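Provided herewith is a single structure, encoded as C-alpha cells, for subsequent inquiry.
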Amino acid sequence: MNQIEKGFVYLRRRMVFSAAHRMFHPEVDDAVFGKCANLHGHNYVVEVVVRGRVHPQTGFVVDLKKLKDIMEEKIMSQLDHKNIDTDVPYFKNIVQSAENICIFIWQQLEGHIPDGAELFCVRLHETENNLVEYYG
Amino acid sequence: MNQIEKGFVYLRRRMVFSAAHRMFHPEVDDAVFGKCANLHGHNYVVEVVVRGRVHPQTGFVVDLKKLKDIMEEKIMSQLDHKNIDTDVPYFKNIVQSAENICIFIWQQLEGHIPDGAELFCVRLHETENNLVEYYG
Amino acid sequence: MNQIEKGFVYLRRRMVFSAAHRMFHPEVDDAVFGKCANLHGHNYVVEVVVRGRVHPQTGFVVDLKKLKDIMEEKIMSQLDHKNIDTDVPYFKNIVQSAENICIFIWQQLEGHIPDGAELFCVRLHETENNLVEYYG
Amino acid sequence: MNQIEKGFVYLRRRMVFSAAHRMFHPEVDDAVFGKCANLHGHNYVVEVVVRGRVHPQTGFVVDLKKLKDIMEEKIMSQLDHKNIDTDVPYFKNIVQSAENICIFIWQQLEGHIPDGAELFCVRLHETENNLVEYYG
Amino acid sequence: MNQIEKGFVYLRRRMVFSAAHRMFHPEVDDAVFGKCANLHGHNYVVEVVVRGRVHPQTGFVVDLKKLKDIMEEKIMSQLDHKNIDTDVPYFKNIVQSAENICIFIWQQLEGHIPDGAELFCVRLHETENNLVEYYG
Amino acid sequence: MNQIEKGFVYLRRRMVFSAAHRMFHPEVDDAVFGKCANLHGHNYVVEVVVRGRVHPQTGFVVDLKKLKDIMEEKIMSQLDHKNIDTDVPYFKNIVQSAENICIFIWQQLEGHIPDGAELFCVRLHETENNLVEYYG
C-alpha cells in the first residue's frame, strides 16, 4: 500500500543533473514529438521521497549521508552530464520521456534505501513548468 | 477513489495568469475580508495534475501539447488579464476566494483531459505564501 | 484516516523562521551527525496544510488571519530567532533533527486549527535540498 | 553620479504587494496595450537598494527596522491590496506601466532613507519574466 | 559608455531555452573540461536588459511585444530545443561555454532592439548556481 | 575603478552555507539589534562575481573548478556549519551583521581569484528578503 500513513515522516532529498535527450521511437512519427524530436537538454531536478519512523536516538528517518551516496551512485553517475540518447543503455528501446526517466530512477533506487526506510515517490522536474511523479 | 495508486505516473503542468479580484458577499461584512475586500490582483500560479499509465510508444501519460491547449482554452482564456469581479460570470454569486477559483478551474477541466488520462488535482498559488489544492 | 478525500480543499500557509540548532544525543557519537554536530543555523521554511470544506459565504476553508495568528503563536514565537539547543525546552532530551522539529510543530498546532478545519500536514524545509513532511 | 563606488555596501530589501492595474492613456489606442488594457492584477515584487558605509558599532548600513517602516509607509500603504486605477491619485494622468510604478516608488522613497544611507535603485518585478529598474 | 545613467529605466525580459552542448576545442585536452566534455544539456535562462527613457504616453521603455518577438527570432529559434554542437553554425569553431553563448546572444540582438531603446546586458544562467553576464 | 567595462564577461558562482550568528557589540544596547541579539541562524546564499576576458581556447573567464575550490577553502570551510559567534576569530570584535560577513568574504577571496580574473562583487543573501553586496 502506498497511501499516506500515520506516524511516518517523509523525507525529500533534491538533486539536479544536466543531460541531453531527444524523443524518438521507431514506430512513432517525429511530428508527434514536435521540437522534442531534436536532441536538446535540461537541468533535471530530481526529488526522492522516502518514508519511515524516526529513530529515537539519531532523530533520523534515514541517514542523509547514506541517502546522498545512493543517489550519487544510482542517479547522478548514470545521468549527470550524459547524453541519455547514447550513454544510458536502459533507453536503447525506451522513449526518453520525463515519465520514463522518472520510472528508471525509481527502478534504480528500489531496494537500495538505507536504514529500513521505504522508497515512497520519485519526482522529476524537466522544466520549471513540467514535472512528473511516480509512486512505484 | 482519489488516492495514490500503483503504476500511475502523475504529470503536473504549471501556468501563470494575472487577474484582479476582490472578496465580496452580500451577506458578509467587509471587515471579515479585511484588505482583500478592496479590488486588488495577483499573479496566480496554477498547477494541473493528471495521472495515467505511460503509453508504450510515445512514453507519455498525456500529450503535453494537447494538455496545454486545454489549459489555454479552459483556464487562461477565462482568467488571464481579467477582472474576475466583472469578467467571469461564474463568480457573479460566488466569492472570489482562492478556494473557489481552484474549484472553478477543476470544473472547467473535468471531462476534458485528453488521451484517457484522469484529472487528479488542481493547485492554485495566490501568493508565494498561500496555496490551495482541490482533488474533486 | 488521513488520505485524500473528495470535496475537501487543502490550504497551505508558508512561513520562514531563522534558528540555530545542532545535532546531539548523549548516546550517539558526534561522528554520526558529521558537521551537523556543530552549532549552526537555517532559514527554516514551514508549510502548514489544513483541509476542510469551503464555507458558502466567506469562500474560506479557514480564516487565513486566524491561521496566521495561530502559526505566529505556536511556531514563530517558539522558534524564530531562537537557539533551539538552549531556548526550546521540548528539545532538552530530543535530537533537534528536521524530523523532530516537524513533529514538534505538528504537536504545537494540533487541536488549534480554527473554523473546524483539520490539520493535515506539516512540511519543513531545512535547506533548499532537504525537506520533511509529517501527517500526524 | 550613480555608479558603483568603493567602500560602500549595498543593501537590498524585498517586499511583495498585490494590486490591480490596467494600461490606459486617453491618446493611445487600447490595441497598443493588448490584453493589458483590461483591468487585471499582479503580485508585484519590489526591491529597494540603498547604499552607505557600515557603521562601526552596529555593523549596519541602515537600521533594517527603520527601512522596513519607511517601505511600509511609502510603498505598501499606497499600493498593497489597491486598485492602482482608482486608488492611487498619482496615476490619474500617468499610465500604470511597471516603468511608471517603479519611478513612483523611487519618488515616494527619495529623501526618506534613514541613517544617512542613499537610495540607489528601485527594482520592480511585475511577473517572474518581466522586471524594471530605476536609479533616479 | 555603459555605466548606470540617470533618468533611464532598465527593463529585463526573461526566457528559458533547452539545449544540448559539450565543451570541446581541438587544441585543448578534454580533461580541462572535465565531465562537461561529454554532450549534456541545460535549461538555460536568458535575461535581456534594455534601457531607455519612458515614453510619455505608452509608459513603456520598449514595447514588450516587439522585444519578445525579437528574442523569439534571435534567441529562441536559434537555440531552443537544439544541439548547439551540431545545429548552431556560430559554434563550429568556438567553444560552447556559457560565456560564449552569452556573447553570441548579445551579437544576435545588437542593433535589433526596438523603439530606440539600447541593449544594456545579456545574462545567461546555465544552472541555478552559475551565471554569466555580458555588457558588450 | 570598479564600474562596468566593455569586453568583460562577469561570472557569478552561487553557494549556500548554514551558520549560527547573533548581533552583539559591547557598546551597543541589545534593543538596537532586536530579536537578532539572540543567537539564531540562516542558510546564507553567497554569490561571488568575477570578471575577465574570455580565453580563446577554453571559452572560460575562469576555470570554474578552480573557483569552486577557492570558494570551498576561503568561504565554506570557514563558515559552513559554524557558529560565527564562537568559531570565526575575525568576528571576535566585529559585529556579525550581513554587511560585515560580506566584507569578510571579500577579504578572504581578494588576491585568490585564479586565471587572472578579477574579483568584482560579493553578494550575500541572509534571507529571501534581505541581501547585501560589496564591491571592495
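First chain written, first letter: the chains are A, B, C, D, E and F, and each begins at residue 1.
The rule is short, and it goes like this: contacts are C-beta pairs under 8 Å (C-beta built on N, C-alpha and C of every residue); 3 or more make two chains touch, one makes a residue touch a chain.
Predicted model, so just to flag it, every value in this text is computed and none were measured.
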Per Cα centroids, the chain farthest from chain D: A
Whole-Å gap between the CA centroids of chain A and chain F: 33
Where chain D and chain E are represented by their mean Cα positions, the distance between them in whole Å: 27
Sequence positions of chain E contacting 2 or more other chains: 3-4, 128
Touch relationships between chains, expressed as pairs: A-B, A-C, A-E, B-C, B-D, C-F, D-E, D-F, E-F
Residue ranges of chain F in contact with chain D within the complex: 2-4, 23, 25, 27-28, 32-34, 94-100, 102-103, 128-136
Interface residues, chain B side, partner chain A - complex: 3-15, 54, 57-61, 63-65
Chain F-touching residues of chain C, taken from the complex the two chains share: 16, 18-21, 35-36, 38-43, 80-83, 86-87, 127-128
